[in-house]
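The chains carry the letters A, B, C and D, assigned in the order they are written, with residues numbered from 1 in each.
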Amino acid sequence: MSVLARPWSRLTPAGKVVLPLLGLLVFLTLALLVGFATGLIPGLIRFVGDLLGANIGIVRFVVAASAILLMSVPTAFVIIYMELKVIALMNLRLGPNRVGPWGSLHSIVHGLKVLGKEDFTPTGVDVPVFTLAPAVTFLAPVLGLLVLPFAPGLLGIDMNLALLYFFAVSGLSVLGLMMAGWSSFNKYSLLGGLRAAAQIISYEIPLTLAVVGVIMLAGTMSLNQIVMNQSGSILDWYMFKQPLGFVIFFIAATAEGNRTPFDLTEADSELVAGFATEYSGMRFGFFFFAEYVGVFILSALTTVLFLGGWNAPFDIDPVLNALGIRFDLALDLARLDVGLLFLLALGPVVGTLLIALPIWMLRSDWSFLKSLVIGFILLNVLLAAAVGVWLALSFEAVVGLGWFLVKTYFFVFLFVWMRATLPRVRIDQLMGFAWKWMLPASLVNLFVTALAIIVVSEVR
Amino acid sequence: MAQQTRVRSLDDPDVFVESPATIYDAVPPYPPRTEREAEFYHLRDGEMLINLGPQHPSTHGVLRVVLKIDGERVVDLDPVIGYLHRGVEKICENGTWHHAISNCDPLEYVASMFSEAMPVLACEKLLDLQVPRRAEYIRVLAWELNRIASHALFMGWLSLDLGGLTPILYGFIERDEIVEMLNALTGQRVLFNYLRIGGVNGDLNHDFMSRLGDWMSHAAEQVENQTKLINENEIFVGRTRGLGVVDRATALRMCATGPVLRATGIPYDIRRAHPYSVYNELEFDVPTREEGDSYARYLVHVDEIKQSIHIIDQVLHQMPDGTVMAKIPRWIRPRPGRAWVSIESPRGQYGAYVMSDGSDHPFRMRIRDPSFFNLSLVGHLMPGNLIADTMAIMASLDPVMGGIDK
Amino acid sequence: MDLPGKGIFRGMALTLQKFFEPKVTVQYPEEQHDGGPKGRGRLILLYDEYGALKCETCFQCAQACPIEIIDMGGVDTKGRYHVHWGPPEQYAERREDSALRRSGRPVPDQSFVAYEAIDTAPLDRILADVDYDPRQMLTILERTQEAYGYLPIAAFRHISSTTGAWYAEVHGIAAALEHLRVEPPGGHVVGICRCPNCTLMGGGRLREALEAELETVIGGTSPDGRVRLVAESCHGESRLRPHLTVDGADQDDTTPAGATSLARRLRGHSRGRAQA
Amino acid sequence: MEMRRRSDDDQPNEARERVARAREADELTPSASARTEDPVQMASDQPSAQPGALKLAADRAVVEPIVVPNMVWTSANPIAYGGGSTPPAITHLRELEEEDKSDNGRWGRFDIIPTKSDYVLDLIRLNSLWPLLSGLACCAIEMMSAATSKNDMDRFGMFPFRASPRQADVLIAAGTLTTKMAGPFLRLWEQMPEPKWSVAMGDCTTSGGRYKRSYSTVEGIDRIMPVDVYVPGCPPRPEGLIYGMMKLQQLIRERRGQWAERAVGPTVPQGI
């Protein structure tokens, strides 16, 4: 027994994680080989396929939920990198530039570092609430992702009450912040949690009322339907039909996402770190991620509601037709026959050499091996770009996703830009602004919209 | 989780016992010693104490303020100082006059060209020493440059405490240019140790002059840039205008000086009221504001930067030739007596009261630091405001803990 | 009347403009500052080709230093005396151990003294027996004392680094328990009693004489390591003289002079031996 | 164990006599006579008082050297100074010298098996060092300067200054630490979660610096907490701090920072 126990106890924590994983990998590989050899696996696949096919609804939900859960973390990484870099550039700094090209892996490094820190529960905290708070805060925006239509056909669930669901779920985040603030046994946290409650609940009202105009115009609460209603030209976007609603919604979304100038809950210079003061390690990481996923979903919702979602601002096909450009990329690979084999075998080699040779001849200080590696990487990049263009031209969903992401990240940039520029408002100014200005303005917007709808329908 | 509050028993190492939770609080562990303490630490319903500092992002060093709050509103407060008490005055009395110069340096570490002037000017007064005119002009040049660096930081800090990230970085860009310039002149970036009894340590050099020329060409534009960011920003103005209003009587009673006093409309500037060095040969305005609030203090700082640039321009045009050090004995032993000197630092009246017994070291040295008197206004300004406003008020008073605690 | 939000938009326009402007960052490790014409850098002592310091310990730099920060010690040219320059003694700080340590003088503190290396083989066996378990620290320490006769500092270090327990924890356990000792045991054990009865009978003078002669206090060992002075109890036996034992044997001669000669004898001094 | 306190008896007679002779031969006026005159005269009242009439005080003119027998230091070249006893052995580094492979520097002596994942973890940690936003005094200005546009510490992933110690990795002690601040500062260090490192920035925190003679300062923070990197300078340039942080990165990469047994006390080995 001690033959195994001694080395195990001497392993570092990271080793204790990695070693079983390696063992598991080896076991799975062996099991797969054995399974294929004995013919068990194909039968299993057939059985499981039948089972899944019978319950396609559940499968779709599970796949969507796990895809979105997996997607949220890279999204957070991208936005963290944007925040680090954009604020740095606006400050006349260079920003992170040591890990990865242009420092692009720094956000991932920050995230992984947080994972490796000591997980610390201070004395005196309310342990269950303290433990649950980060999870609740993180899950709220992630659940919101489930109903967002990213592209035609690419969405988790096409719910007819999607908007209601969205507000209900994203309202949960305030619960997490309050739990964190209350359970931390720290007065700064308590103040941060109470501020979160007051702020987010106040801004829920103008946020929701601003959307009611859109709902009235669209006649539905399904996000997918709202986006479809905005298809056509750029003038069909609700941004132009609801300018006041758009402004109110954006300001309220800033407050809802705890972003500058409304980041009172985590006010660095006032309440040390607000509700997250006592959190360390990955629990703090959850708050960290939740904030950026929140930024993403609020930007995405703004895009969906007011900027036409995946719709392109103009139709590119007439332009292409007018210019006489036509893409016919329907390759029939089967026609190549034996040539396909040669293409697969020799294509990479020839391509790499074709790119590497000029590099090697131009750069006298690089070795041939380095040129080869660079050439191979470049070849792959070119291939990926070609495949991307092909995909974009072949499938509507990819174009839609592209437009959606462009619009969404424009709003993310706007959030970051505001953070780089603006100071923070005070709590009484914040509340006064919500109740004295935003609420009446959103009500006015509501009445004007209703009036306009009636007038337009009467005129018609 | 619960394991952390369990410790091994002293009687039996295998037995774990529950340890009493250690709860750190702002309440001192002893019974109240004065009536004020008794009143302050008696909490009414709904009130709580919150400990701001000594490590807090916006206390500008190691100031500790115990706030008694009711919700977000500050009811009462108890500032605690002394976390940076280094005994500078005592150390100065134990060294020679030359030693006192560099020992006084870190008092006001944001603008140390002013605090290090104290023993120099006092000793020159005791020695009745005539400083060469070129040295005087170089001193004025260094002081005004340092004033601009300090004010640039002030503008950034005020904004940082209000939550704006960028202005402090623009302020630091400006400060870095000035400080690198002074580094070329003095050899150090923060604690210059440049002034000497009877002059300055070294004449202007080419590196300094070229950097100064570069900076002068875009100084006004840079100030404009920095102010454009926040001067008219509605959030900034909304948070500072009407906040922390000091009226003239209070300011005078609490001995406030510098921009804090000038923001209440009293044009009191040592450079004008009791001219020292060569300030009576230079032309400059004393900017004042009537409102006395945080925003007025901010605007006074902005105007003072412009005036300082104007002064530097004149100094460069009027710079005389000659030596930069007077002839002084190697061991300085002023006659017995007392001297009071004061100058206008970025934060107000910086003064020193010095006694000499005829030996080579100051017999007694007492420094009057403006930050201490300006900071003592917080007792009048903070109660009734919100917690977020305490940061704005404290930043607009611009305290430097090195001078307050000495 | 300005448009609401005009100042905000001006600021945001400025930051966007800065976003595209060239940056001011100096990438430090690649580009380095030259220090300026008057840059004050680090003070470096130079070494000659034999590896000896070129510093002649003339103290001129220490005298000139404006903040008297140079606190130097060295060996004079004959190699006989360790000379030291510092500012006049203030607030007793010269006697502080960090000041002594910086000036290169011996430090009267156990934890700062270089400890003697030991043969760790027996200790390793003990540790392997208890499976390097820091929870069995008492067992480890007791068995270490059995093996070495006392607890050497090096053993503390070794136990601390192998079991993962803090050095201070190990030392604290050893210091808290009476039967563990950190000094090598003396050859002889001299025990005296401190009860009121013995003190009335002249025990105080006896103790003073013993402590003076053995150059230690109760509970310590004489500097040569030969005699240990411990406190014992007379268990209330009424006698007309104070209680004094040597290695457990009761002594009759309990006058201070007798105790002095006894101590000298135990320490092996010539005079004491001649008298014996 | 060889210990000796400095006392007058330890001084050789010649040295004492030399000092006494120097005192007698001193021609300066004793300070007592200077102080009997009335020192209380406002300088500004009598600006024309003659500077030639200065009185000299002797009590501080001669600073006597402290002379003790040499017991510690011997030259590396015995010919130069006539030999001496052997220097004390540096024992607590010996175990390290035996295993100089950087990979095993930290773990090997504890009989712990490191994996490549630990190496990757260290690489991740060293590229994401978040300092705690805690300035003490003058050096704090330069610490902030190191993080701002000109010398941008963020390039190494060190910029997000955390205000809460729970989320920080590095404690940069920037400025003089006074005895009153020592308690709160130590509590900050204890509140930080492992793995954590500390950098002593400036002379005051490395050794007491210019305030080592003060009655109210801590002579170097290594007296109250462990330190990984010392950055001397008063204050160091921002580049100096960045260099120190890069040294810390190197320590982490080579697994030499963050000792398991690191303790409060002298970090410089004996005999140096």
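Criterion: a contact is a pair of C-beta atoms (placed from the backbone, for glycine too) under 8 Å apart; a residue touches a chain by one contact, two chains touch by 3 or more.
Just so you know, these numbers come straight off a predicted model, no measurement behind them.
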| item | value |
| --- | --- |
| Which of A-B and B-D has more C-beta contact pairs | B-D |
| Geometric centre: closest chain by C-alpha means | D |
| Approximate Å spacing (C-alpha centroids) for the pair subunit B, subunit D | 26 |
| For subunit A paired with subunit B, centre-to-centre distance based on mean C-alpha positions, whole Å | 46 |
| Distance from subunit C to subunit B - Cα centre to Cα centre, in angstrom | 42 |
| Distance from the mean Cα position of subunit C to that of subunit A, given in whole angstrom | 58 |
| Touching two or more other chains - residue numbers and ranges from subunit B | 56-57, 94, 102-103, 166, 169-170, 173, 229-230, 233, 235-236 |
| Residues of subunit A engaged with two or more neighbouring chains | 90-94, 268-269, 272, 420-422 |
| For subunit D, residues that touch 2 or more chains besides their own | 60, 111, 148-150, 152, 155, 163, 210, 213, 215, 237 |
| Chain contact topology (line, ring, star, complete or other) | complete |
| Contact set on subunit B toward subunit A in their complex | 1-2, 4-5, 21-23, 48, 50, 56-58, 72, 159-166, 169-170, 173, 229-230, 233, 235-236, 238-239, 386-389, 391 |
| Residue ranges of subunit A in contact with subunit D within the complex | 7, 10-12, 14-15, 17-19, 84, 88, 91-99, 103, 106, 109-110, 112-113, 116-120, 268-269, 272-273, 276-281, 284 |
| Residues of subunit D touching subunit C in the complex | 1-6, 12, 15, 60, 63, 65-77, 79-84, 88-92, 94-95, 109-111, 149-152, 155, 203, 207-210, 212-213, 215, 219-220, 223, 232-233, 237, 239, 242-243, 246, 260-261, 263, 265-266, 270-271 |
| Residue numbers on subunit A that touch subunit B, as the complex places them | 87, 90-93, 121, 123-124, 127, 131, 187-188, 191, 195, 260-261, 263-264, 267-272, 419-429 |
| Residues of subunit C defined as touching subunit D within the complex | 23-29, 32-33, 42, 50-52, 59, 63, 67-69, 71, 73-88, 90-91, 93-96, 98-99, 101-102, 104-106, 108, 110-117, 132, 154, 157, 160-162, 164, 166-168 |
